[in-house]
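Scrolling down, you'll hit the structures one after another.
You will see chain A twice below: alongside chain B first, and alongside chain C after that.
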Partner chain A sequence: MGNSLAIFFIVFGAVLAAGLPGMGSARGTSLVGQAAAGVVSEDPSKFGKVLILQVLPATQGLYGLLIAILTLSFTGLMGGQIPPYTWQQGLAFMAADLPMAVVGYFSALHQAKAAAAGVGIVAKKPNESGKAITFAALVETYAILALLISVLCLNGLASTFRA
Partner chain B sequence: MKDSEYTYAVARIRVHETKLLTESELNTVIAAKSHEEAVRRLREKGYDLTDGDAEALDKKLRETWELLQSILPDERQMDAVLIKNDFHNLKVILKALVNEKSTDGLFRFPSKYDPEELKALVFARQNDKLPPELQHCDRSAYNILTKTRFAQLGDSVIDRAAMEWSIDYAKKADDPMIEKLAQLQAALTDIKVIYRCILTGKADSFKKRAVCDCSYFSKQTLIDAAQTLNDFFAFLASTPLQNAGRALEESPAVFEKYADDAVTELLTAGKSEIFGITPLLGYWFAVNTEILNLRIILSGKATGQSDEIIRERMRKTYV
Partner chain C sequence: MAKLKIKSIELIAPRSRKSQIIDYLQRKGAVELSVPPETDGLTYEQFSEQKTETEQKLAAVSAGMDILNRAIPQKKPLTAMLEPRKELSDTDVKAQKAALDETVQACLHLSALDKEAAQLQADNIRLQTFKESLLPWKNEQNTVRAGHTERTAFMSGLFRDKRDYEQLLTELASRLPDRDCVDAEILSAQEDMTCVTVYCLRDDAEEVFEALRSMGFIPAPETPGRTPAEVLRETQEKIDENNARIEAINNELAASGALFEKTEAAEDLLTVRLDKLSALEKIPQTQRVFYLQGYAAAKDAEKLKKYVETHYEAAMEIKEPAEDEDVPVLLTNGFFASPLENITGMYSLPSKADIDPTPFMAFFYYFFFGMMLSDAGYGLLIALATGGLLLFKRNMEEKKKRSLRMYFFCGLSTVFWGAMYGSWFGDAGSVICREFLHMENFNPLPPIWTDAVTDTMNVLILCFILGLAHLFWGVCMKGYTDIKNGHRLDAVFDTIPTFLTVIGIAPIFFGLFVQDSIPDDYSALGTVLYNTFMSVHGALEKVYVYILLAGLILVILTAGRHSKSIGGKLGGGLYGVYNLFSGYLGDVLSYARLLALGMATGVIGQVMNMLGTLPKNPIIKVIAFILVFVAGHTANLAINIIGAYVHTNRLQYVEFFSKFYEGGGRAFVPFEASTKYYRFKEEQ
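Let's turn to the complex of A and B:
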């Protein structure tokens, strides 16, 4: 029973890590994509510049996927050889996924807003596109910090529980 | 409607904003030695005036409206700017009916309802078939015009109905900019109406029927303060629209410029917004202002007015 519950928490954590940032990235790239389409429909030569802005909120989805894979890998779920975890240990793995899940979702949405505003800069002053990208890229910092803390937690938990 | 639903439209408008004439570009047109040179300079900036000044500028307005209609997720969102023209058109139709005159060239564009359809209904006195927002003021203004022939009161009743409708619509629209715009326009219209009332010695009972409440001042406070011109200007000086009084003291034409500039200033504050309807409203007013400025320049050049006089009449630009 303890192991089944542990497996449930581990899988649920991995699902959250992949799902929430993925949802955030999908919504974010859609929002920036609409703004980008608006600009490109008037001036197709700006496609390259607005594409970079559209790609920015997509990274959170990739980070989430990475954390989900690491969770399944560190816990042994991927190879099918699962140690006898207690439910508390399973819950700890799930907690390790949360920084990426939560921060990934919200940072993707907020980065998309910054990137959509950047599309406005590209529309009016194409030479300032570097600044527009910088504004949006700064939001990425917090997704990277969340990714880092989730990786460190997963690694630490896996080492501790195996020992 | 979610603000993010305007993302596509706002991005397209941002590109179009780059094509608006700046103040320095307008100054180069003003500096033209003749009307022909002004037209040539405008052509270099993308304005094709070969069909004649008025027709070309009307065409530009129509094209802008068609663009907005094509990109708006829900075109009813622009009712805030449309319905005022419907009320104006109703005024034109009623005057034409009572005075047996033509409406040719007097309708305002764009409007929510087809002016010719409105005309047919008003002429047939099918009041109940008119759009609900126009029914009451159509009845009131028609009674005033046919029974008393008091044209100014008839106009004022319709203007007041338009303002009250705008304020009511703005409250329902739940958009801070639409509400601020409606309140500002109502206040400016009230000031204009009261000023005329004082000049023509109208009684308070007339003023009560002609003005509406707004966030800048209550109707009663305004009427109480408007017994003489000096009292009225002193009252305006104590409101956020203190410059309106100063503009009126100079002349009604200066006030008209002040009113247009106040609207542009309000909308310019929302120029940095990335979502919502504000950038679209701003662009629509910006194009209207640009067209008005070009009319001022071109008519000034055609009639040989000095650059100084033309500059004085020019409205503040959005970009």
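Let's turn to the complex of A and C:
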């Protein structure tokens, strides 16, 4: 019983890690895409430049996916050889997924807002699009920090529980 | 292999040669014209009339082209878009120019026919409506349906339902209680229609008519002097006549296929003429000579000079552009890198201080694309399709060849990574063996290195190492740019401290991702990586610490070197350390997308294969497998090719370019014959 509850927590954590940042990235890329479509309708040659701005908030979804897979892999769930975790241990794994899940969602949304504003730069001063990318890319820093913490927690938990 | 050397050119020639010289330059398409500043004593020719005339002709020809395309649907094979524009020799050009006015007239005629047909169609709709409103009255012999005598008035019409005499009069009475001199005659009554004639006092006619209207009364159409049957017949005749005319017009349009070529040529020639007129308006002149300035690639400039000076009595000067001039940028690269010039252009062309980054990103670009798509089956499809087209359609235009070549190299790289990961259409090999050949646990195409889906950690670490290599390559480019611009000291300070710090911290960083001891299932490469970065014991561990310390001190000392005050230098140095840590941490982690996207392709591919094998019945299973395989993998390829493309671009733009590249250059826009259907043949 303890073990199946642990598995539930582990899977739920993985689902949150893949799901929330995925949702954030979907909303984010859509937001920037709408702004970008306006620019492209005026000047189709700017497609490449605004496309990059649109892709920026897609990263969080990928990081979330990565954490989900690492969770399944570190806990042994993916190989089908899962050690007998207690439910508290399962809960700890779920907690490790939360930084990525929560920060991933919000940083995707907010990065999208910065990127959508950057679309305006591309529209008016196409030569300065590098700066627009920088503004938006800075927001991503916090998704990266969250990714790092989630990986560290997962790694630490896996080696602690295995010992 | 870089940015082409661009020269500034100036040309002076007699006015009598102006048109010829402009024609020549336009045909060559090698010069970007610039507008010289206005100077006293120089005049400009105005061509507004000719321009308007040319624009009108162009509009007529474009309209003609639209009509032709509508009237004669062109069946184009899928490969049509790869065909080059047709060639037009000088004699052809002369012939088409001579026929130009005739073609314009023919196009105007087409437009007139098209307009006539549209009007006839509209006419027919109107006639049809009239005919339908008259149909209920076709047996009526009377030629008048509304009128009056001295004291009484009458009107005929219909209701769209069944009514009898009493019903009608009762309703009328309830609507007009004080008008009792009303009578009606039911002419015919059916389920859905009642035809009536209503009589009333002439003074009441308007009010009665209003009341009838509000009851749904539809007055009968007038057919003065003739019976409805006669008018119906005439209307039908008119419709038939119109239809016959429309058919005749359509036949004539359909038979104008011969006009296609002429119209295409006319559209091109008129576009070229319009561009030429616009260019001519910007060229200043005196009474005898005209003056022209612009830019051209150094390699073309000499040839142009020789030609115009021997043929057109012109004098041309080729100069180095001045320091503050806004010189346009033209890139030139070899077979391997030239397809990626577009990718560079999409970000921003190199500014004066920049190097052309295209050749330096080419290898990583293809390499990363393959790693993200990472299915050998998909890669093979892409490489075979693009390679085949490149081999068998050699006459394609250079621009199309380039994008095909880009996908060819991307495809090859994808095959490489797919083979490394053992992914050939997902796990199709082992699925087929298990489900159809009853060979359990047999994989005909095992991974050369490791399975990315199960061996995540190893691949992730490889991603970080590749990312680090890519970033370091960018830092090297920074040093190279510094040297090119003559800043040798900067070249050292921009690169060495970064290298030392990042190398020094790398073991700590990788330690976060790797467990304490080597697990048994580590692959060979994983073990090597582990030994390099992780099991740094004793003396070696100290070496890394010293490297890190040396790097940090250098960064603090040099990062703020452009500040004037001591405080500013120190602050700049500390800020440099912060930037280095936060920047490189994020940048390196960002390469995790190499794994994530690669794994997404693999996992979706595996799911597709699994879906195909769900049915129990062996025959249905084979059919289902084939269907799901084709549809599923096509969809997976389509989605992931886009993903791989945009995320490869992102790694180049955000991570790589930010290390050394400014951008902001202006593209070279040659004055050329921008034709759609034809290209002018090079004459000897």
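In the analysis below, the second predicted complex is superposed on the first by the 163 of 163 C-alpha atoms of A that agree within 3 Å, B and C clash if a C-alpha of one lies under 4 Å from a C-alpha of the other, contacts with A are read in each partner's own complex, and residues count from 1 in each chain.
Methods note: contacts are C-beta pairs under 8 Å (C-beta built on N, C-alpha and C of every residue); 3 or more make two chains touch, one makes a residue touch a chain.
As the structure is a prediction and not an experimental result, all values here were calculated from the model.
On the shared subunit chain A, the superposed partners chain B and chain C are arranged side by side without overlap.
Using the contact criterion defined above for the overlaid structures, shared-chain residue A:Asn155 touches chain C, although it does not reach chain B. Put chain B and chain C next to each other and count what each touches on chain A; the higher total goes to C.
Using CA centres, the angle subtended at chain A by chain B and chain C is 60 degrees, rounded to a multiple of 10.
In the superposed model, A:Gly130 makes contact with chain C only, not with chain B. In the superposed model, A:Leu62 lies in contact with chain C only, and not with chain B.
Within the superposed three-chain model, A:Ile52 lies in touch with chain C and out of touch with chain B [touch as defined at top].
Once chain A of one complex is fitted onto chain A of the other, the partner contacts of A:Val39 are limited to chain B, with no touch recorded for chain C. When the shared chain is aligned, chain C comes close enough to touch A:Leu70, but chain B does not. After superposing the two complexes on chain A, the closest approach between C-alpha atoms of chain B and chain C comes to 11 Å.
Contacts from chain C toward chain A in the complex involve residues 342-343, 345-348, 454, 456-457, 460, 512-513, 515-516, 582, 585-586, 589-590, 592-593, 595-597, 599-600, 646-647, 649-650, 653-654, 657-658, 661-664. Contact residues on chain A toward chain C in their complex (touch as defined above): 47-49, 51-52, 55-56, 58-59, 62-63, 65-66, 69-70, 73, 78-79, 126-130, 133-134, 137, 140-141, 144, 147-148, 151-152, 155, 158-159. Contacts from chain B toward chain A in the complex involve residues 4, 7-18, 71, 274-275.
Against chain B, in their complex, chain A makes its touches with residues 31, 34-39, 41-43, 113, 116-117, 119-120, 123-124.
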